[in-house]
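Here you go, one structure.
Order as written gives the chain letters A, B, C and D; numbering starts at 1 within each chain.
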Amino acid sequence: MARNRNVGIIGIGQTRHSSHREDVNQPEMIHEAVALALEDAGMTRDDIDCVVHGNMELFEMVHQPDMWHVIGDGAYGKPGYRLTTGGTTGATLVCAADTLVASGLYDVVLAVGFEKLQEGHTTGGITNMADPLWGRELQTGALTGMAAAAVIEEFGAERAKHAAMKMRVIMDRHAMLNPNAHRQFGFTEDMIPTMVENVPPLVGELRLVHMCSQSDGACAMIFASEDVAKKRCPNPAWMMDHVTVHREETFNLFGNVEEITTMRYAATKLYERNGITDPLRQIDVFEMYDPSSWWGLDWIREFFLLDGDRHLRMVENEEIGMDGLIPINPSGGVVATNPIGATAMIRVAEAALQVRGAAGAHQVKKEVNLALASGFGGTLWTVLVLLSKNPPVLKEERP
Amino acid sequence: MNDVKQELIVLRQILSIPQKFSTGPVMGRFLKELRDNRRIMANRCPRCRRFHLPPREVCAICRAPSGEFVEVGPEGVIQSYDIVYYASPDPLTGEARQAPYTTVNVLLDGVQGKDTLWHLLNETDPTRIRRGLRVRAIFNEQRTGSIHDIKYFDIIEGGTKGAAQ
Amino acid sequence: MSNTHEDAFVVEGKLALPYQYFAGTVGSRFLTALRDECKILGQRCEKCGKVFIPPRATCERCFSDLSGAWVELGTSGMVANFTVIHYEEPHHPRKAPFVIALIKLDGADTPLAHVVAGVDPSSVAVGMLVKAVFAENRIGSIMDINHFEPA
Amino acid sequence: MTRRAAICAVAQTIFERDKWFQRVQGMGWEVVESLIKSTGLDFSEDRGIKQVVTVSDDVFDARTISDSAMTDAVGAHYRCEEKVSQDGAQAVSYALAVVLSGHQDVVMIVGHCKESQGQSRNMVTHLAFDPFFTRPVGLDYLAAAGLQARAYMDKSRVTPEQLAEVVVRSRGNAAKNPKLESLPPVTAGEVLASPMLADPIREFMACPVTDGAIGLIIASEERARELTDKPVWITGVGCCYDSFFLGDRDLAGNFPLRRAAQSAYRMAGIENAATQVDLVELSDPYAYQLPMWAEGLGLCEDGGGGAWLAGGGPDKARVNLSGGGLAGTPMILGGLTRVAEAALQLRGEAGQRQAKGVRRAAAHGVTGPAGQLQTVVILER
């Protein structure tokens, strides 16, 4: 994508993510992430030119929550934007912060995504995305067994169920290494057969452990212009590119739909623009928004433009593990940690930590030059963000 | 705060704002047909000829206003289904729903393409539901101009596996 | 589109969901002091030289930690500003007309929004001295101060 | 800054009390259809609209992800759509950033709101307050405005009679605006006799509940030259938050607006707004806000609002020839509507309300209780 100037990620802060944060109110929880991001960047509130804020109002039922949250996010006396796009919000905030810095309007932008899901009803909140005249009584939040049904139909129940549960076990193995992760179960390989049969189902073959968690938490990131980033940070992660692909209002297209998924569409576009011809080898790590292990499994094929059962084999052979061909979700992913308004930002933040070599116990073994992060939301919307260890070479080009 | 056992205050409430939702002319036509004539009407994009269920103002693909209404159903074929075991709150009341229930996407007879109608299926036994089963819309006697004027879809016993057009 | 109104109609509905809000350790400290001791607590930011109410964990301007910076405020103060509410809404704490005022409590720098009652709304004025009237049945809410009335 | 961006087209539905006959999708499409017709744009991957910035609010719409209702109607299927959940002037500022960043060369903004849908607008804005310390007291934006109105009127010696004249003038101006459902003309006496809402704000001194949708096309210089022969350049933007708790703020002080205006003026090279801006569209959902924001924008001196009104300031400075917020604008679309109006004036397309010789205009938006977030946009032809 054309850019007026380069943008580096120089500060990252995450709260510990948990099912319950009775000890803080909303702005206080946000402040924890903001303070950590400032500390990471070696900055104070005075260094911030603009604050970008987002979540989903109906989860906590606060109208224009950026007003109250000024107390915690540091926006007093400063410009600020609030953008919300459902589950993709966190990634949209990243794109917005990149846009605002690249535009030259602001040199340093603090982006904050959060959710305090304990304060509302997550599934009830999501159900209200359906049209009030159509489907609101039918929808059950983001819970659906249709992804499972499709994978089972294509690959057979036994192999599909095993692969989805194996995906879940690998994610948990990663989450165990991440001190911020919410759900850490300690699943092991040998538990898979029992889990496949005995974990309670939510919808169809979507079972409790397959589904993402409901977490309280916040993520804050500091984006700076190339000048500032190079001055203030020894190892910024650089924004290479991002692609946002939304799709129509309803989910109602079914039955061997030939329509290209937003995941494949976004990936195709991103790879074309950035000279990526062999994504599995050129991309070093992928932080995927995996709302469930079934979706996560299915989308590996879409995001890496694969055919056949390659994606299943990648899981079965642990090529997505910490030292695999393409580590996916070293953080443990969304099935482990899901404060929704922050979730898609956490994907980018975790990818940036990998680029910066700052992920600690869940740092992947290989050197990370190029990292990919995805966001998911709305009616199967996708945002893809590409980060690099080296700033992109700017050239005059038309968008 | 080193006050480890401090009492933490919590405030529980149901927040509610009464609404009046407009149907607009397109959804309005659709709901009136359900209410007055027990007819399921799709509308079609004049460019790509796609069927919309429920009818929509604009075709997402062609960015053009959708046009003619066409009667479809009331029978069709299950294209996908979800048996929901999780009881989430009813958005109209904030109270928990009854579970399990089954939602289906039905490819109604007369629809050309892949746009399905999303509704309830009167069956929750997974051994009795599969893709391709024929189903029929069952209307309520009392109808109000709502999508729930269709009570649910019933499996047509002995119905052969229908071919999607 | 506006020439096809005859097919349009309006459907009554609702947006209703359950919520549970957490006051957090800082807010809870304030609310329990109000409930159990009828004390109104403020917080002093040493750096900004100000005493704030309502409670907050952090000073939004200098980011100082205020979670332990409690000071006890007076239960009386002065009306710094007010409005008489004449419209009815379900979220109102009492029937209109009633007064919402910003009340500068003794010892605080920032006034607190609360209800002034026990006086004809038309005689409420900026500068009026008021004192807190505590609710008999206190539950850990800002409305454990039932209202302020002329001192 | 080498890149520039311009407003190339403006479209809006009629703003009216109750669009019971239209869904938000229908309202949005009406705007989109007009924008693509007037510019010849489509949504193709090469030269079309590839990014849409929407403005809406989940609580007003009673819908999580309110923008997901709009994807079809705003042409965003398999394209980028991002929702600004603030006053629509923020979307203008954001769309400017999108173009200046180089990421896109054409952006479409579409905002919608049906304030009539919920039982009351106050029930929505009440939910902006925190659950423990401000909701129980009964605050909503109207009550907050009542507090701010008193503080401001005391400070700047603005009388209720003067505010009544602000309303009379707004309705007079609005009568020339074909995009507004007409409000009956009123006399100052009738305004002062209208029911009290939040003392000192009376019913006619507050914006009526309004439904509508509005949009813009914003493009890079190169594309703007192709799309229109009357580009309106966005030469300055600024915004600023005040504190949340009303007691933490100097409610009559205009702190955030001053700061927002300073940034916008600096960017546009304006040293004295009173002499260097030809026309002003400001968001005044309440009558007291017309003189108050005029002070904040530097059209008159701090505390001089009363004298400014008495001296015919609004007409001299050509403020809200459209009728402004008081004439009925959905609150979250206030700033976007003001930008659109100012753009029409700069394009010479403001019909009966057209002012002569407008070369530079300021537009203003507010979000939050008692103007907690202020936005200023400078436009030039």
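Assume contacts are C-beta pairs under 8 Å (C-beta built on N, C-alpha and C of every residue); 3 or more make two chains touch, one makes a residue touch a chain.
Every value quoted in this text rests on a predicted model; they were computed, and no experiment measured them.
Looking at A-D and B-C side by side, the one with more C-beta contacts is A-D. Relative to subunit B, the chain whose mean Cα position lies farthest away is C. Distance between chain centres (mean CA atoms), subunit A to subunit D: 33 Å. Centre to centre, using the average C-alpha position, subunit B and subunit C are separated by 44 Å. A separation of 37 Å divides the Cα centre of subunit A from that of subunit C.
Residue positions of subunit D with contacts to 2 or more other chains are 20-22, 25-26, 29, 59, 62, 71-72, 77, 118, 123-124, 126-127, 130-132, 243-245. Each of residues 22-23, 25, 58, 61, 70-71, 76-77, 121, 124-125, 127-128, 131-133, 247-249 in subunit A touches at least two other chains.
Within subunit C, residues 1, 5, 8, 10-11, 13, 15, 17-27, 31, 60, 141 each touch two or more of the remaining chains.
Because contacts link each chain to all the remaining chains, their graph is best described as complete. Subunit C meets subunit B in the complex at residues 1, 4-29, 31-32, 67-68, 140-141. Partner subunit D is touched in their complex by these residues of subunit A: 1-4, 25-26, 51, 54, 56-59, 61-71, 75-86, 92, 95-96, 98-100, 102-105, 125-129, 131-132, 243-249, 262, 265, 377-379, 381, 398-399. Of all the residues in subunit C, the ones that touch subunit A in their complex are 11, 13, 15, 17-27, 56-58, 60-63.
Of all residues in subunit A, those touching subunit B in their complex are 22-23, 61, 121, 123-124, 127-128, 131-138, 140-141, 143-146, 149, 153, 200-204, 247-257. The part of subunit A that touches subunit C in the complex is made up of residues 21-25, 27-28, 31, 35, 44-45, 58, 60-61, 70-72, 74, 76-77, 116, 118-121, 124-125, 128, 132-133.
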